[in-house]
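In what follows, structures are represented as structure tokens.
Two complexes are shown next, each including chain A; its partner changes from chain B in the first to chain C in the second.
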Partner chain A sequence: MNSQKPTRDGADGMDSRRTIEIVRAGLRRRQAAEKRFRLYGLLAILLGLVFLSVLFVSIVGNGYSAFAQTYVRLPVYFDAAVIDPEGTRDPETLGSADYAGLVKASLREMFPAVTERGERRALYGIISNGAGFELRDRVLGDPALIGTRQDVWLVADDEIDMLVKGRVDRTLPELDRRVKDDQIGWVDRLDAEGRVEKRFNTNFFLAGDSRDPELAGIRGALVGSLYTLLLTLALSFPIGVAAAVYLEEFAPRNRITDLIEVNINNLAAVPSIVFGLLGLAVFINFFGIPRSSPLVGALVLTLLVLPTIIIASRAALKSVPPSIREAALGVGASPMQTVIYHVLPLAMPGMLTGTIIGMAHALGETAPLLMIGMVAFIVSIPAGVFDPATVLPVQIFLWADSPERAFVEKTSAAIAVLLAFLILMNAVAVILRKRFERRW
Partner chain B sequence: MVRKSVVMAAITTTLLAGAASVQAAARDYISIVGSSTVYPFSTVVAEQYGKSTRFKTPKIESTGTGGGFKLFCAGVGVENPDVTNASRAIKKSEYDACQKNGVKDIIEIKIGYDGIAVANSRKAPQLQLTLRDLYLALAKEVPDPKGGDRVVPNPYKTWKDVDPTLPATKIEVLGPPPTSGTRDAFAELALEGGCSTFGWIKDLKKQDEDRFKRICMTVREDGAYVEAGENDNLIVQKLESNPNAVGVFGYSFLDQNRDYVQGSIVEGVAAEYEAIAEGKYPISRPLFFYVKKAHIGVIPGIEEFLKEFTSEKASGPEGYLSDRGLISMPDAERARFRDAAVKLTPLSM
Partner chain C sequence: MQTSMLIVVLLILSSIAFYLGRRRAFAVARGRARNLHSLPSYYGYYVALWCGLPALLVAGLWFSAEDAIITRMLVDNLPPEVRSLEPGRVDLVLNDIHNLVNGNITSREPDAAMLAAADHYRQLRATSHAALSVVALALAIVAGTFSLTRIRPEHRARNAVERIVMALLIACSSIAILTTVGIVLSVLFESLRFFQTISLFEFLFSPQWSPQTALRADQVGSSGAFGAVPLFAGTLLISFIAMAVAVPIGLLSAIYLSEYAGRRLRASVKPLLEILAGVPTVVYGFFAALVVAPMIRDAGLSLGLDVASESALAAGLVMGIMIIPFVSSLSDDVINAVPQSLRDGAYGLGATRSETVRKVILPAALPGIVGGILLAASRAIGETMIVVMAAGMAANLTANPLEAVTTVTVQIVTLLTGDQEFDSPKTLAAFALGLVLFVVTLLLNIFALHIVRKYREQYE
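Up next is the complex of A and B:
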């Protein structure tokens, strides 16, 4: 120390002016560099926000109209001669009658001038294919309707729906449009008579998949996602926490545990399709679990999210200070009691956060499900974990691949629903962390 | 140690027993796999069938034609699919694989035709192409433009290089990847058709079939042909934003998007319903599905599904499938397959 001081003093005395000048000369450059550095960070965030808002704007812009659906009010005569010619009111007869014919008869009555075969086909095309089934359900629910004339709101065909929503360019030559001039004329007339209305699309949330866009809904996919995620949670959380507790609290530190640790970290980075192949080979081909069922989906997704949960849980356990364990052990608690009553409750918020993020990951996953048959057209709503089911992202994928134009808005609407769930789950994770996390 | 192994054994037995009980459970819905081209038609029929009969709506997976046959031919039993869709006829090797695994009687039903459209954006002029143009524009190796019976790496950069009547835009074709049945059909119908217009290559077919196939069906890899994935909607969107590009996709996507894209005229014929139905449009192929006869009577409703699919209201010229872009078969052919669907005539190869 002493030997250095004179030299520094000497330097100070001789070069004091020069040092301050050097600092001053470089100061502006250093401050500019500082500003640039902050600007880069800000720009990075802004760029991210721009992409995000473009994504949101395009999804909402394409998808918001899917939450409305066009209905047409038609006077339908529930002709007893068609529905129940023998007057038996037998549900079997009522169920198999030609209800689509009633809708067609009603349209013919509204537009008596339309007589030519091709024109009539175009006229019938205004109302959805599902309208007949809707009338059937009404009659089965209330057989007193037979023989009466009712004004019924029926779902419009998807192309008419697009027209009413302004997604058909009327200025194009007729040949290049799916909706023909005649149809536009009829719809405009119906509209002028107050027979066309846009309503909230309850069907979108209550129906299963359909190849008719106006009848398609996400309920089947939502229920499938729910079953799959609940099972995944039930399987992966206990296994993940148990593995993390053992590795962190009890396992000796040696080669084998190191190897296990490396493997777990590695598994977290394995492409998800690999888990699908594994699921196909083990769960379906060896154990014979039914293809396309939420059970097999959950088993595969469990494999997928386990590494995430184990890593997050171990980090949470590590952050509990050793003094807690020592204090518990010191007053005579067994190692198990220490873990269960003291360490686990303190680590739980971190573990739950990791689990929710893992679940959000599982909710958005499609690739592994491709191999186990969950990428499929399934109309019925799954009633259990053995029924064939699909999940939300798969539904989005299938709709994005459909030729019908009206599926574009359905796809975006389904994406919006999926995003809403993801935001909800991640928000819960953040709240859990903010509310219960303790810092030492 | 002993206790641990006992516990392990118990867990394994429980799992296996559980699995066995699951496997024994019957399936009460039809399971369908196969071609992504047939998928949009098969699903419509399945939905109609599910709504109008007392049976459950079939489950339909889109696995591709080849993947479908692999699953279909894996064996007989409820864990295997009952029906597979195909955008080409079953191959001898696939039929043999089926036989080997005990899938003996297979019923073949042709459902109609699908045209493959070559289309570009409406912002660009409509193209008048020949199969030869398509081959010269897309093959990896083409006959030497200077003449002689030899091939050179494809030298053509613009459509005008291929045929002076075409516009001078860069060749940029978006099409399906090799895993797709559409690509197989396109290579077979358009590329092979185009390269057979060269006399010496046509003669090669009899002498050296491998070389013939290599010359005719290999698609260039220098960026002029872009594999755009199995999603035809994506190709339509890309064409809309890039008027210079040309896309290859199924007729139903052209039919649904005529306000954005226009079909090219191939060999003087436009890709229209009537032209494809009459067999005038050169790039069209038949679509099929195959049924496992051993499952009829075991899985409920297969016969009724066959009836619905072959009925006039589904696959007839005015049926609901024609609204979706399926080209229906001529009357006699339809009657023949409807008969096969009723009598359940198995395929022999």
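Up next is the complex of A and C:
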């Protein structure tokens, strides 16, 4: 458009032709600029999509292997002299015996050439620290095992697991690796004998947190997330709907309701960590609700997602046409009856969609929960809303901080599980909206 | 009686009350519902609400006051040598007693006096719970019976029930205000206590931040410095990088999607980009620390640059990715709100599409876009997990994006995670930082929402 140079001296034929020429001359440049601009737009979108796919590929690529776990088959002699020296079969004696010793004895038997102390320790390191507990559970379940020799599949140590999964670079100098040359040799020998196998990692879904990556699982975090989320839902849905109904259907337009509206809009944009500070100061220090419990987590998350739910519910109420209300009022329903029996059912799908999206937000929230102490290292599975617990995103944060190589894999897998839940929830919301959305 | 048990019993009582109320309504109307003022079930609700609500309210108040009163009684009963200790020490003892009662590990071997106190506590708590059960149940029955006797055919049960429901609705919507008040009060009170030890001036303008306070009076080199300037600078640096990534990408993709893209492309690309906003921030943090930071460091090394492993660039870049959908969907709304007549006018003058966008649509949409960008900026300033996981802890005052900086949110998290006493300036500093964060984001939000609303009104 820069081409519209004014033709100051009179408007005759010569000049108008010149204008056209000028426009034509600039046309190529302008069209090139048009193409460039279009390209920038496409590039921006492409870049966004590339970021998205790199994010997902790197998470899945790092995490998929955590769903398998390396097991080693060892011939274990359930030595009666170790497990039950007096032959009483008393569960207490059986429970406190030295099962880790049995594993070590079995390893010594398989590799008799290893005699030096340091080497032996490296040898024992092939098998997880949790193998003893596995044997104990077996013996407690079936005391007839005592005195027999069984081939038992035992969980390998996390470093060996990494080695078997090909995540350890064997060409590195020995000092730069956590897995030593000797260990690689032993594992290769075991592998050649068919004693090493990768299996589906049930432990990952059934165990609580642990310092040993091969024993760590997400069950504690999943249960904690479940309690927290259910409680959040039970609190935020009724409160959110009630608030939306009042503000949309009954509230007089005055200063106070304006203030509430501005408030809700602002709360929706307050950083989540500030809600954590509120939870710490008010719920924990003032009301004395137990720290780290799903209860206090749910209270904080309720306040956090309430604006989302209220805003979505109000939009849903607004989309119900006034004719519905007028008809109900016309046949003699009270305003409250009109809302409860006629408007609410029609607005419910929209409210539920908003609530599910709010819940998905709550499921992924981490920062405010750090403030209220849900970062503690908790091994046990929480049994109620007052027990100390952690949630899935916080578990991810904790594992991401751990130095072991194997935790990278676990973290990615936990993220994959979290993302799967989020995608599921959002898909449900989309389906709900598609299925029940009514255009009036 | 257990708390949950009490609530269940109250609910059962209420349902019985509903049934009785309805039956009584039929009885007083001699079986003909048309003699009643309201529908019969409203009489049921009326009695049920009278039965359940007062008892639940009393139980709620009881629980919020119970702990303080019991603790008070416990302190009065402690041996005099414990009571004469300074308040902080008494709190420690009380803490141990609490732990003992709940079966947790105590900080030291419990002695006879503590065991006795724990027993005493347990006893008091049991008495209190029993008393509560009796009071609540009695109240439920008395109030229920009373309301039952008030049922007459001309009694306006519906109006009464609707009044109660309306009060509940109002209470629910005032929670939004209570939340804001709660945030302001909780952050403000602790901040005021902080500013009693550290001056406001030092906090806002001193460039020294090292919040390690001395545990003993004679400790060397840990007096603690609370000048938050490096934190503010770090927050601004990272947010600036994030905006530098998010604004061009978000804005250009919004323009493309609303002005160029066909229906199908728009329908498939928009939700994909929105996924970026739904990914939890802890995932971005992990991504930044695991993938982006090493990548930037390697790239820097190959260029001969010295890049910190927790560089501001990595955190800012990933934060920018997170914010792209905020910018793009807000700008998309705004661009779509520009009236078609403006576009048609520009096309009629012979402008190309890009010229229309740049010379007509963008200027018309500018206030709205600026508002959206400000909202996104407030998001970047308050974002926590990405910076906690990918930015550093050291408070460097630098504008170099390749160095490690720390932010306000990172410091809040580091100061408040883990166990620590609640009164030290170290923890109080977190609340002062929270106050600054809250005020800054609040101002940004109010300003941005104001601009966006004003802009919207302009074209409506």
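Basically, the second predicted complex is superposed on the first by the 395 of 440 C-alpha atoms of A that agree within 3 Å, B and C clash if a C-alpha of one lies under 4 Å from a C-alpha of the other, contacts with A are read in each partner's own complex, and residues count from 1 in each chain.
Just so we're on the same page, a residue touches a chain if its C-beta (ideal position, glycine included) is under 8 Å from a C-beta of that chain, and two chains touch if they have at least 3 such contacts.
Nothing here was measured: the structure is a model prediction, and the numbers come from that model.
On the superposed chain A, the positions of chain B and chain C overlap enough to count as a clash. With both structures placed on the common chain, the touch criterion links A:Ala312 to neither chain B nor chain C. In the superposition on chain A, contact of A:Val375 is made with both chain B and chain C.
Of the two partner chains placed by the overlay, chain B and chain C both lie in contact with A:Gly288. In the superposition on chain A, A:Asn129 makes contact with chain B only, while chain C stays out of contact range. In the superposition on chain A, the chain among chain B and chain C reaching more residues of chain A is C. In the superposition on chain A, contact of A:Leu107 is made with neither chain B nor chain C.
When the two complexes are overlaid on their common chain A, residue A:Asn62 makes contact with chain C while staying clear of chain B.
In the superposition on chain A, contact is made by A:Asp169 with chain B only, not with chain C.
When the shared chain is aligned, chain C comes close enough to touch A:Ala367, but chain B does not. Using the contact criterion defined above for the overlaid structures, shared-chain residue A:Ala44 touches chain C, although it does not reach chain B.
Clashing C-alpha atoms with chain B after superposition occur in a single stretch of chain C, namely 96-104 (options considered: 96-104, 186-194, 240-248 or 276-284). 287-288, 373, 375, 400-401 are the residues of chain A that lie in the contact sets of both chain B and chain C, per the superposition on chain A. Note for the complex: chain A touches chain B at residues 96, 121, 129, 133, 169, 172, 175-178, 210-212, 284, 286-292, 373, 375-380, 386, 388, 398, 400-405.
By the touch criterion given at the top, residues 15-16, 18-20, 22-23, 25, 27, 29, 31, 36, 39-40, 42-44, 46-48, 50-52, 56-57, 59-62, 79, 122, 230-233, 250, 252-253, 255-259, 318, 320, 324-325 of chain B touch chain A in their complex.
Note for the complex: chain A touches chain C at residues 1, 23, 30-31, 33-34, 36-38, 40-45, 47-49, 51-52, 54-55, 58-59, 62, 238-240, 242-243, 245-247, 250-251, 259-260, 262-267, 269-275, 277-278, 280-282, 285, 287-288, 303, 306-307, 310, 334, 336, 360, 363-367, 370-371, 373, 375, 393-394, 396-397, 400-401, 408, 411-412, 415, 418-419, 422, 426.
Taken in their complex, chain C has these residues touching chain A: 64, 67, 158, 162, 165-166, 168-170, 172-177, 179-180, 182-183, 186-187, 189-190, 248-253, 255-257, 260, 269, 272-273, 275-276, 278-287, 289-291, 321, 324-325, 328, 349-355, 357-359, 375, 378-379, 381-385, 388-389, 409, 412-413, 416-417, 422, 430-431, 434, 437-438, 441-442, 445-446, 449.
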